[in-house]
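You will see chain A twice below: alongside chain B first, and alongside chain C after that.
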Partner chain A sequence: MSALEQSGGAQEQAVGRPEARGAGTHEPGAGAPALLELRDLTVAFPTRTGFAVAVNGVSLTVAPGQVTGIVGESGSGKTMICRAILGLIPWPGAIVGGEIRWRGRDLVGASASEMRRVRGREVAMIFQDPSSALDPVFTIGNQITEPLRVHLGRSRAAAEKEAIELLARVGIPSPRERFNAYPHQLSGGMRQRAMIAIAISCKPGLVLADEPTTSLDVTIQDQILGLLAELRDEYGMSMVLVSHDLGVVAQNTDSVAVMYSGSIVETAPTSAVFAATRHPYTAALIEALPSIHVREPRVALKPIPGQPPALDALPPGCPFAPRCRYTTEACQSVDMTRVAVGPEHETACPFAEQVMVGA
Partner chain B sequence: MAARQEIVLSGARVLRRQVDRRNRWSDLTLWTGVVIVVVLVLAGLLAGPISPFAPNTQHLTEAFQSPSGTHLFGTDAFGRDVFSRVLHALWVDIQLGLVATYVPLVLGMVLGAVAGYFRGWRESLIMRLVDVTIALPFIVLILAIVAIVGPGLSGVYIGEIAVSWALYARITRAEMLVLRERQFIVAAEALGYSTPRILFKHALPHLVRPNLVFSMADIVLNILVLASLSFLGVGVQPPMAELGAIVADGQQYLLSSWWITTLPGLVLVILGAGFSLIGDALADRFGRRLELPR
Partner chain C sequence: MSSPAAERPASEPILEIEDLRKRFVMARSPLQWARRQPPRVLTAVDGVSLELRRGEVLGVVGESGCGKTTLARCVMRLAEPDEGSIRLDGSDLLALSRSELRGARKRIQMVFQDPYASLNPRMTIGAAIGEAARVHRLVDAGGEQRYVAELLELVGLPASASERLPKALSGGQRQRAVIARALALKPDVLIADEAVSALDVSIQAQILGLLRELTDELGLATLFIAHQLAVIAQISDSVAVMYLGQVVEQGPTASVFRAPRHPYTRALLDAHPDPSVVKRRDAPAVAGDVPSPLQMPSGCRFHTRCPYAEERCLQPPPLLDVGAGHRARCVVLPFGSDG
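Right after this comes the complex of A and B.
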């Protein structure tokens, strides 16, 4: 991997991200104040034997108009971060520490009614599986007009008109007819478009897209991601794009946070993550990814040996240490505080520069 | 190619026929139940105009007459026309069945939904109350309440409502526990809707079905409880006509004048069967409508 040898200067150039879609006029983190800032966010669930820490001291910044990707395997806490932002941690879990700063105010201590004002109006969420996230007993029209009527106080007629425009905007053909359709009468892609229409109906500042394309086939996936990028530019929204698919993240985000076992192990501008990886876990993920660009014939995919640790029995220090190829004794006392290794590039592995550069 | 399509089509036709047959059977069950219930409800509501005799007027000279053209169900020990008494009794029973089922249904659904949605102390409180209510034998608990309130219809109403909400709460809580983690409920929360809106607009339509199916069996149960209590002498008080009370009246003459007990008892059975048939058909429709026959 020659890219690993790139210096900090090369990373800065890569920040422009020519391959990313819809980058438009947005300059990643150009001194803009954060829209959303997570500081040491910790979410835990009581278990029979103690606590399962689903999100472990996560700090993350989302700048206005930016798309922030969160990648990680199942159970690494990606979805839990989204639900924590909305204050919707499933019972009996809870946010046990840290701050969620939304436009400067902390949402962790916010009252239930304050949270309700944020949800839907300021922060909206798009779910993984639109066929279960849409209520089967109500029509699409009913479900799109509801936020318009509840949050924006639109009349029935005005809400219907606006809903049909929204349906048209998200690319649903003959929206007037689809307005009266039930979710089961639409295809998966159409359902996800309807879901997106609901999410953007109140023009939120931030959309949390939780694996928005996982349940769709590849061509539809591409259309949906394209639609999200268009809408992001059009409405000037920020987006958190959660995915376990590195390819999706590479093409659709401005910056990336890589998660492992509830911790963020690396954050960086998207291109730097791939070009100048600075965490062994990220590197292992990339190597485990099949590629259509055959650089040398017969490069075998490298699986990551072992299993992620149980969340109620995290090893001391770095949670990835037991599976890491560079692991040493010292890894057990790593405290997962990220250190800067480049512009806006941070890694939780203090040994990354030694072991990975020139490896 | 054509042959293969033919096989597929004929297979589909067989399947279609099986599904149709099943649906027709379910339709037959439903409509039989509906007809029975509607006829008996109308008979009960119109008891005044259509009954040939006054239900409580005694004609001691005409006591113990066997069924005939004049007295369809015969007469009892006081010479009262049993058929007229049955007609007047019907609405008393059905009304109790409906009220003592659907008031607790609403009560139990609200409490169960709250318990399942909020979890925590609200759930513990409500569900322990349910456990206590269910742990005590049904009839004994109602007897105790009747003993406090005093015998009569109002005691039975209070007793049954106080007891039967518990099962609805239990059913609803179980459904709510599943529902609250369903994505569309989480999505409704993520859209910032108020809790009452989520509970009553979004969750309710999904909670009604199992409760409705159970309520059909519950109506029968509640009517039978009233009949049992009246039979035991703590339900409706004489001379008021009520099916269980009429059965009790004839009980000591069972060997000589069988009709006083048997015919009203039969009406009670048919009434119960009517509601049960509706319940069965609804369960069939709600639960297994599209399940393919094996």
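Right after this comes the complex of A and C.
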């Protein structure tokens, strides 16, 4: 039952196995095995009337050394994907289907002790709000040395030395003093730097950054994103960058997955998502976005009419169909399988080629 | 729709804020009290002057702690300013008595960031909108229902929303309801404090469009406070950039965004992640944290982080005119070569 027992054979399977859905994503180029592969991942929460499907059959590949962006509005399921990878779906939600292949082994159904070895050591997470993700009653030093001691078996003295080096590396001034500081004694930007230090302490292969700069001011956001880019190069980490901000995703990722109501509607290299959009939702999102490039006379933004469907009452077929300007009756039988429309570019809209040309 | 600020007929400003100052005296700890230490003073708003005309949206942009919300609260007189004047249609708001203030207050209405927190969860939308109008005697009991229906239509809500509780509405609909409630008093000035910050992009565009339309059609004067530059660029006719309690740059939106003359405005624009630029720069736009407003830097407030800082920046810089209503509080950059 446990993934531990299967993990030996799974390595080869992960590379060779033919795929039923979303063909393109699952064949990483040049034979390099994917670091992380989600297949048909489904996460649901029981509600009074049935199930709220937070993540609906999502397939996604994260290649080694790459930054994969997940962009979408609130409730689209982007945070749930990160939580599912680390086995942190809040009760009563659960992974009800699909696989999460981490370096070839399936993390769905892995034992608690197995997950503890992965979590923090192999896959680390940077949370949105550093003031609630850090424990207010422990010092910063305490919280950085903990993973070093637990995962890497460092002595107290060695862990302290390493932690101070990490604090210096993430740009915290006078790290020796900050080591003994409590989270409330640091500014928001400094707290986020401390959380990044914790995340990279065990040199994980993958960092899941869930809206890492959303609670920060724009100049601090800029500093933190710059720091993350440096650390990625230095440590050779892969990253999943979750954001609601298309601008953040545009400037900091290699490829992007656009989510809507639990489904990935489009995946593409970052430049292609903006230059050659192939899903009506992505296009609508870009058109609704205000820009710092002032136009005179003013051109009104194009809002997306209506609102996203309730997750426990998803419409049949494409969840965006009720708000889509190109919608037809056929949209109700779309199964959200992505089809390739370009190099590493896939869309879940089967009519994209007809409707989006020139868009 | 709107014409550039320069071509607008020179009407009198409806709201004039002059040299407004607000300081907060911090509470002393028992130890500080016993040691007879003076309390620390936080300077939130430090000499802000702004003008707002009918049919105009004035954007106030700045990072957290720059004083933009305190500024709004002072205009509403939810906070008492220490110095300066606020004139509504020529009369000084700060000189009004309590009862006179009640009359003036309905002419200035506010929309807050969080529509969930600013509506009573037990009151139907119709009751919330109607109550304000009834209290201020704008409608009698008989006309209330029709008045509410008109307002709901104005903000793009279905008439059925009147009977609903806030929890039955989506975030965007709730913000529309809050806007309807503010408009129920037929205000001259609408203050929107981070009114679209909590909303998703697709909904944000709807509310931005609505606020702009209402400003244009009802001749409102809208003070639009936000931390998102792009939102300010979209909706505002003119803009004021705040840093540590001061306006560091102000002017027509196009002029400020296209040719920023203050290093802080430049840093903000550089730091803004623009989706049309699919590559990030190597160095961050500006280093360091915002200094604490409890220990304000002397001279130019930005000199501790400014890449252009010189010796003379240790003297407080004046707000210099750089042409066409565009002013910047910098003595180095405005007339420099690379502007």
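One rule holds in what follows: the second predicted complex is superposed on the first by the 321 of 359 C-alpha atoms of A that agree within 3 Å, B and C clash if a C-alpha of one lies under 4 Å from a C-alpha of the other, contacts with A are read in each partner's own complex, and residues count from 1 in each chain.
Here is the rule we use: contacts are C-beta pairs under 8 Å (C-beta built on N, C-alpha and C of every residue); 3 or more make two chains touch, one makes a residue touch a chain.
From a predicted model like this one, the values you see are computed outputs, not experimental measurements.
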Open item on the list: Looking at A:R119 after the superposition, I want to know if it touches chain B, chain C, both of them or none. Which is it: first, second, both, neither?
Closed with: first
Open item on the list: Looking at A:W91, would you say it contacts chain B, chain C, both, or neither? Reply first, second, both or neither.
Closed with: first
Open item on the list: By residue count, which of the two partners contacts chain A more extensively, chain B or chain C?
Closed with: C
Open item on the list: With both complexes superposed on chain A, which partner does A:F127 reach: first (chain B), second (chain C), both or neither?
Closed with: first
TODO: Pick one for A:A284: touches chain B only (first), chain C only (second), both, or neither.
DONE: second
TODO: Mind working out whether A:G226 is in touch with chain B, chain C, both or neither, as first, second, both or neither?
DONE: second
Open item on the list: For A:I264 in the superposed arrangement: first (chain B), second (chain C), both or neither?
Closed with: neither
TODO: Determine, under the contact definition given at the top, whether A:M80 touches first (chain B), second (chain C), both, or neither.
DONE: neither
Task: Touching partner for A:L314 - first (chain B), second (chain C), both, neither - done: neither
- [ ] Return first, second, both or neither, reflecting whether A:V240 touches chain B, chain C, both chains, or no partner chain.
- [x] neither
Open item on the list: If we count contacts the way the header does, which residues on chain A are in touch with chain C in the complex?
Closed with: 73-74, 187, 189-190, 217-223, 225-226, 229, 244-252, 270-271, 274, 284-286, 288-294, 296-298, 300-304, 307
Open item on the list: For the complex, give me every residue of chain A touching chain B.
Closed with: 83, 86, 88, 90-92, 115-121, 124-125, 127-129, 132-137, 146-147, 150-151, 195, 198
Task: Residues of chain C touching chain A in the complex - done: 1-4, 63-64, 170, 172, 200-206, 208-209, 212, 227-231, 233-235, 253-254, 257-258, 267-280, 282-287, 289-290
TODO: Under the touch definition given earlier, write down the residues of chain B that touch chain A in their complex.
DONE: 119-120, 181-184, 186-194, 197, 202, 205-206
